[in-house]
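To keep things clear, I will list the structure first and then write my remarks on it.
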Amino acid sequence: MSINFLPKKFLGCESEFKEAECVIFGAPFDGTTTFRPGTRFAPQTMRVESIGLETYSPYFDMDIEEYKVCDNGDLDLPFGAVNSALDMIKKEAKLIFDSNKKPIMIGGEHLVSLPVIEEAHKKYKDLCIIHFDAHTDLREHYLGEKLSHSSVMKRVWDFVGDDRIYQFGIRSGTKEEFYWAKDGHTYLNKFNFNTLDEIVEKLKDKPIYLSIDLDVLDPSIMSGTGTTEAGGVSFNELIEAIKLVSNLNIIGADVVELSPHYDNSGVSTAVACKVLREVLCAVLNDK
Amino acid sequence: MSINFLPKKFLGCESEFKEAECVIFGAPFDGTTTFRPGTRFAPQTMRVESIGLETYSPYFDMDIEEYKVCDNGDLDLPFGAVNSALDMIKKEAKLIFDSNKKPIMIGGEHLVSLPVIEEAHKKYKDLCIIHFDAHTDLREHYLGEKLSHSSVMKRVWDFVGDDRIYQFGIRSGTKEEFYWAKDGHTYLNKFNFNTLDEIVEKLKDKPIYLSIDLDVLDPSIMSGTGTTEAGGVSFNELIEAIKLVSNLNIIGADVVELSPHYDNSGVSTAVACKVLREVLCAVLNDK
Amino acid sequence: MSINFLPKKFLGCESEFKEAECVIFGAPFDGTTTFRPGTRFAPQTMRVESIGLETYSPYFDMDIEEYKVCDNGDLDLPFGAVNSALDMIKKEAKLIFDSNKKPIMIGGEHLVSLPVIEEAHKKYKDLCIIHFDAHTDLREHYLGEKLSHSSVMKRVWDFVGDDRIYQFGIRSGTKEEFYWAKDGHTYLNKFNFNTLDEIVEKLKDKPIYLSIDLDVLDPSIMSGTGTTEAGGVSFNELIEAIKLVSNLNIIGADVVELSPHYDNSGVSTAVACKVLREVLCAVLNDK
Amino acid sequence: MSINFLPKKFLGCESEFKEAECVIFGAPFDGTTTFRPGTRFAPQTMRVESIGLETYSPYFDMDIEEYKVCDNGDLDLPFGAVNSALDMIKKEAKLIFDSNKKPIMIGGEHLVSLPVIEEAHKKYKDLCIIHFDAHTDLREHYLGEKLSHSSVMKRVWDFVGDDRIYQFGIRSGTKEEFYWAKDGHTYLNKFNFNTLDEIVEKLKDKPIYLSIDLDVLDPSIMSGTGTTEAGGVSFNELIEAIKLVSNLNIIGADVVELSPHYDNSGVSTAVACKVLREVLCAVLNDK
Amino acid sequence: MSINFLPKKFLGCESEFKEAECVIFGAPFDGTTTFRPGTRFAPQTMRVESIGLETYSPYFDMDIEEYKVCDNGDLDLPFGAVNSALDMIKKEAKLIFDSNKKPIMIGGEHLVSLPVIEEAHKKYKDLCIIHFDAHTDLREHYLGEKLSHSSVMKRVWDFVGDDRIYQFGIRSGTKEEFYWAKDGHTYLNKFNFNTLDEIVEKLKDKPIYLSIDLDVLDPSIMSGTGTTEAGGVSFNELIEAIKLVSNLNIIGADVVELSPHYDNSGVSTAVACKVLREVLCAVLNDK
Amino acid sequence: MSINFLPKKFLGCESEFKEAECVIFGAPFDGTTTFRPGTRFAPQTMRVESIGLETYSPYFDMDIEEYKVCDNGDLDLPFGAVNSALDMIKKEAKLIFDSNKKPIMIGGEHLVSLPVIEEAHKKYKDLCIIHFDAHTDLREHYLGEKLSHSSVMKRVWDFVGDDRIYQFGIRSGTKEEFYWAKDGHTYLNKFNFNTLDEIVEKLKDKPIYLSIDLDVLDPSIMSGTGTTEAGGVSFNELIEAIKLVSNLNIIGADVVELSPHYDNSGVSTAVACKVLREVLCAVLNDK
């Protein structure tokens, strides 16, 4: 809260790994970002800017400081080497799951979700994924690559299969992607969260991984991201959605795609920090 | 979609003039702009930035690439010469109407709508105009000039008369303008699109010209325009309005008043491109 | 309305003090601002930028030019000396109240509201305060200081006591502040204006001071303020709230916390000017 | 010097017209600007920002406040009408020359120099022009127009002829322009002021009009102008040049082409204000 | 020169490959950039912004339009795959050298110079490299990678050996790099071009590859690059250096490391375009 | 050097207080800043951005990592309370001097130099001050206050008297200030460092305090400061000056007036970090 203090930890997340229930870590990787790069700067920028935030959430009536959360810092990912980077993230996720803790990852581009979900799926065979995004992320490959931020949910589908991925807020993709989803491979709610309550009802006994691509938010408050898409949800709609999901058994989560260098006004970063605080509440609250 | 490609045409509009159903052209003119100039840069900036957009619209479930649209480039308008500029635009509009195609113009300032509507009115005697804007644009003259972006709808009224102009989203003007409209000269729906469905019902047999001044949008997503007015409609509300209008027989349209140099974050330009894509869908869908 | 004119007065507020019903003045003070300073530049920037605004409000159907408002300029506040600055503001407020006029102050940081409310309370013993803000502003002290922008409403409570302060739009504060309010000391409506109509009904015979911290607005249109908090109200919601309050007997008001140097796009300043115009309408309308 | 004061006059130029030796006026016109418009905002922005400047020049050891300078405000130029605008400027210049005062004009685009030089030439038949600029400004016409910021010195040559125009700092133009100058029509010193001392020596008995296009400065300190050209002179080199010219009989001067909206950091505007202060010193000193 | 024209070619470089003496191509790769990414956007941005530049260089008294230059567009480099990207660049360079033309590459990060110099060295066994840069670029590896923008000249040294690399303007590196150079492996002129004339004299019979990392320029005019280093050379000093080098037999050249998204004012891009124009003159002039 | 690392210490300054020769500390105070506030953010921003800098200085051929420097963090200064803030700085300075170490302070506004110089003067009776600045800082009071950034050197003079203060680079002040200096109270070298070598010669047996207001630099590389003044020295000129002063017995130093929020491009902060590195070299080198 003082300006004389540069935080090494995200907002009030000062517990040791051992005692923690949740473990935050950063995955500063943007190696497949084709358009506006720079999500690699997100985790550290968010830690610094989390100073401006209170530890108390009036949305959840919870104070982060009363919970055990560890901020494990950032992975030191090999630059430009997609496979090794994904391997290191996988190892970190495995460590956390094996310790019976819940990982909360700060991206990085969306591809970093893949290894965490893989590990989650190893532990929870009936894992379902709730995915908030502007984009379908269902390409088979993008610019020739199978491992891309644009194909991450397709890669997840490769091992979870049909009826496991629930997508909300989607408003951009190719015709093929939308039609492939409609063929029953994923549940895709265009534009908003209108049917989220039904899905939450349906998934109430499942282990849930929550993946939030911040571009699900409208560019009016999230201009600092790789690819902005007009017509997104408002911050309050996103919070309401997170509160709905908090009724489920969330076993891991991520907040990805903040690109701080495109955030001239600082608003996007402040929004991202608050989204992460509410995700923390949703996970900690979850039991 | 590749970053190695500088588009000469707007998003997927690659047809020849001859075969096209719709013809896009740019009118890079801002000669009467009093406050923040620069709408002259809009058409070319929108072409470049349309790279970031998919050709598929999930709003209309239509893919632009499956239609015949020609992007005829920009008019080479004489600089600072209002009358000659308007004449050249008129000629282009006449050419398109005479070829039984539909013009879709990218402004420039709002005054560029005048010559296109004049030509439309010559061809369609019962033409009605649907006008989305923050401003009334009903001044008799502005800073001594009768031909001004602030008087464009008054100039249109000069030849179409009462009961032909339907204005939505209006939230700024002089008392005189609002009262003149209220006297029955135009239909003026303040602030939003609340009565648009009734108007669409009423106009269902009329030829419609759709003129969208982008400042109808809230400055939170459209800061890159000449005169921002707080309290505008959201992107989603505008899309809903365009979908409503798509039920009518749109014979021409324009999207005006993007001023790219005031768009620091790039969000306004991205919004403008998507608005144009949806307008294209609305016009192509229209039959 | 001409670009050749640098206004000394806010938008159409050209009356002499003697004849005025309302008196605008600026309190360019930001001496306790801990995070992003610069609200001291707000009053003069707002005067300059009010050129871009019409004097007619379509929300109230009122034209400012038809009323008697005096813009008394800015106080020449001693720099860095909190107590003397507050004293000078108090004196100005007393002068205005003693002349049976209504003060409308442009901040400056929120602490400047304190001396005006003190004077208002001297004149109107049953004064109630309607407070729009993102923050509770109910700290007992902040970084060791009792006189702080973060404690202004606690300081007001010190002399008005329980049941006098009505807070709306609040979405940030410590757990202690929220619980202290909940204990009945202030009326605190989180996030929005949902219960404002009931409160207006309840307060209809009371003298009202209206204090608007602009950060009650969402950062999407109000990035130019000291501490942005995601999830604010929209401009239209704020206007609706002001219209509701206009049914009460407003005896003074302020609009505070614009920080123009953080307003890259100019949108925040334009919004602040329009909010002030509508507050003027609400006050002038009030009887 | 106080932040509570919005100046109507440029820095310390508070004399009445009648008593003044020099008369400042603004010509907010940018109607022929093809690339980045907005010089119309320069005069008023410079007045506001001149607050940040001392009235004392350590370069000339002179204090502006000890001299009689009138700031006559801005001309209310008809928008978009080149000829009428030029006529109004001409009239203002004539008035000043007829009163035996010296005009110091703030542009606007460079074309505004033309009518002032025309009037100067009427009064001083042996008038010579010293011209600091990045560009030759010697086109016969530009985009079809004879009256253009790119042809202003060619238009001046039309009536003053050979051996009257002395150009310094020039680093951009067509091959034709450079060769036409080299044919003896103007004296053109490329890139810098290297031979200015010789020219000052040569012109010491002539009446001099000094025209400074601010883009003569390097873009590192003058990014806020219509067309930046790398490789310009430094601020100190420009001041040295102005001091050299101050040894001549300067009968009028202008400072043109500041475009404040492209000046994100405020540096260009601060530079322009200081250049104008030094030009004032040079003119007042001149006798 | 018209604003209605989006160039596909860099400034006046309109010749066919077959007839061209020089071939420009873009290498939009920034895959090893650790700090501020985005040089991949440089080639296309420079083409668009080259509109603002004249084809005539007053520095060389040459007009680009009078020469045969082909702009061969950008390579479609595989994203994130360093080795394949370098291979494609190598192939393009080979094609150009085999056709007895001279390549002029627009980066991209500095690593893209490596394959072109390799091909140059295959053709010209006594090839010398003149290298303008802020950084030594002599690391053995950087963050574990041998192929990095920070090690490019070390990789070049691997095959050209001692006495072939001449570095100027260098002002940042590790102690090890500076001392390794001093041991006689490269010729390293710190900070400026002071000894360039001697080196030019010494190399006058050698084939020369000229590699310009734009961060050799001072950040005051080149803020739009990956890693700015205060204390760089001025634009005029760089031009003088290029003119000196133009006396040599330049067989290929590159201009790298512009990062347009960090160039808020547009000055860096304008500077880069002019540097490329002068490099073209230096190469075309060279015989 | 890794992006995964948020430094708590300035560049390579990792020693413990006990073992250190120099002690860096931050004084984040801007309470008397009248124009553009925000220097309070400088120390922490500089620590973060010092990541981008090498520890090796090619100017001094010294590597910071080979010396014992402690970064003692920032003082937790009471907000808005000038006297207490100055007292705390004084105490920190005393502690450092009493431990026979040398303080190197990062401002904050220039007033923070006062208490450090007071303590230095207590220890070194014949202390001389070398002061690099754009401004005289010799006002008796400023806006009514004796303790102001604009009067700091006058306050120093109050206890050191004539012939102790040596000012360089000065280019702005009131006529009174310049004439007061000229009367022999301080040595004032306008605009540049032209006579610095003579002064260094003269002061070679004196203990020296070096105070660098970063606005001595030209705004082209130092736009991020409270009050920019065109015509400053270049970075290279400043480095040369620091190298000259390094021949003296520097017993303490400061670098003040960086205002990071006005540094859009990041260049000013990068410059400030490098200046601090060179100051460290000058002090460490000094014996």
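Letters A, B, C, D, E and F name the chains as they come in the text, with residue numbers starting at 1 for each one.
Please note the rule applied: contacts are C-beta pairs under 8 Å (C-beta built on N, C-alpha and C of every residue); 3 or more make two chains touch, one makes a residue touch a chain.
Note that this is a predicted model, so its numbers are computed, not measured.
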- Task: Treat touching chains as neighbours and tell me the shortest step distance from chain A to chain D.
- Result: 2
- Pick same or different for copies chain B and chain C, depending on whether their interface residues overlap by over half. different
- Item | Distance between chain centroids, defined by C-alpha means - chain A, chain B (Å) | 38
- Message: Centroid from C-alpha atoms only, then distance chain B to chain D, rounded to Å. What do you get?
- Response: 40
- Rounded to the nearest Å, the gap separating the Cα centres of chain B and chain F is 56
- Message: Two or more other chains touching the same residue: where does that happen in chain A?
- Response: 2-3, 34, 143, 218, 220-221, 262, 264-265
- Item | Contact footprint of chain F on chain D as seen in their complex | 1-3, 52, 54, 56, 58, 61, 63, 218, 220-221, 234-236, 239, 264-267, 270-271, 274
- Query: Hey, which residues of chain A end up touching chain E in the complex?
  - Reply: 30-32, 34, 36-38, 78-80, 82, 143-145, 261-262
- Message: List the residues on chain D that touch chain E in their complex, please.
- Response: 34-35, 143, 170-175, 178, 190-191, 218-221, 223, 227-231, 262, 264-265
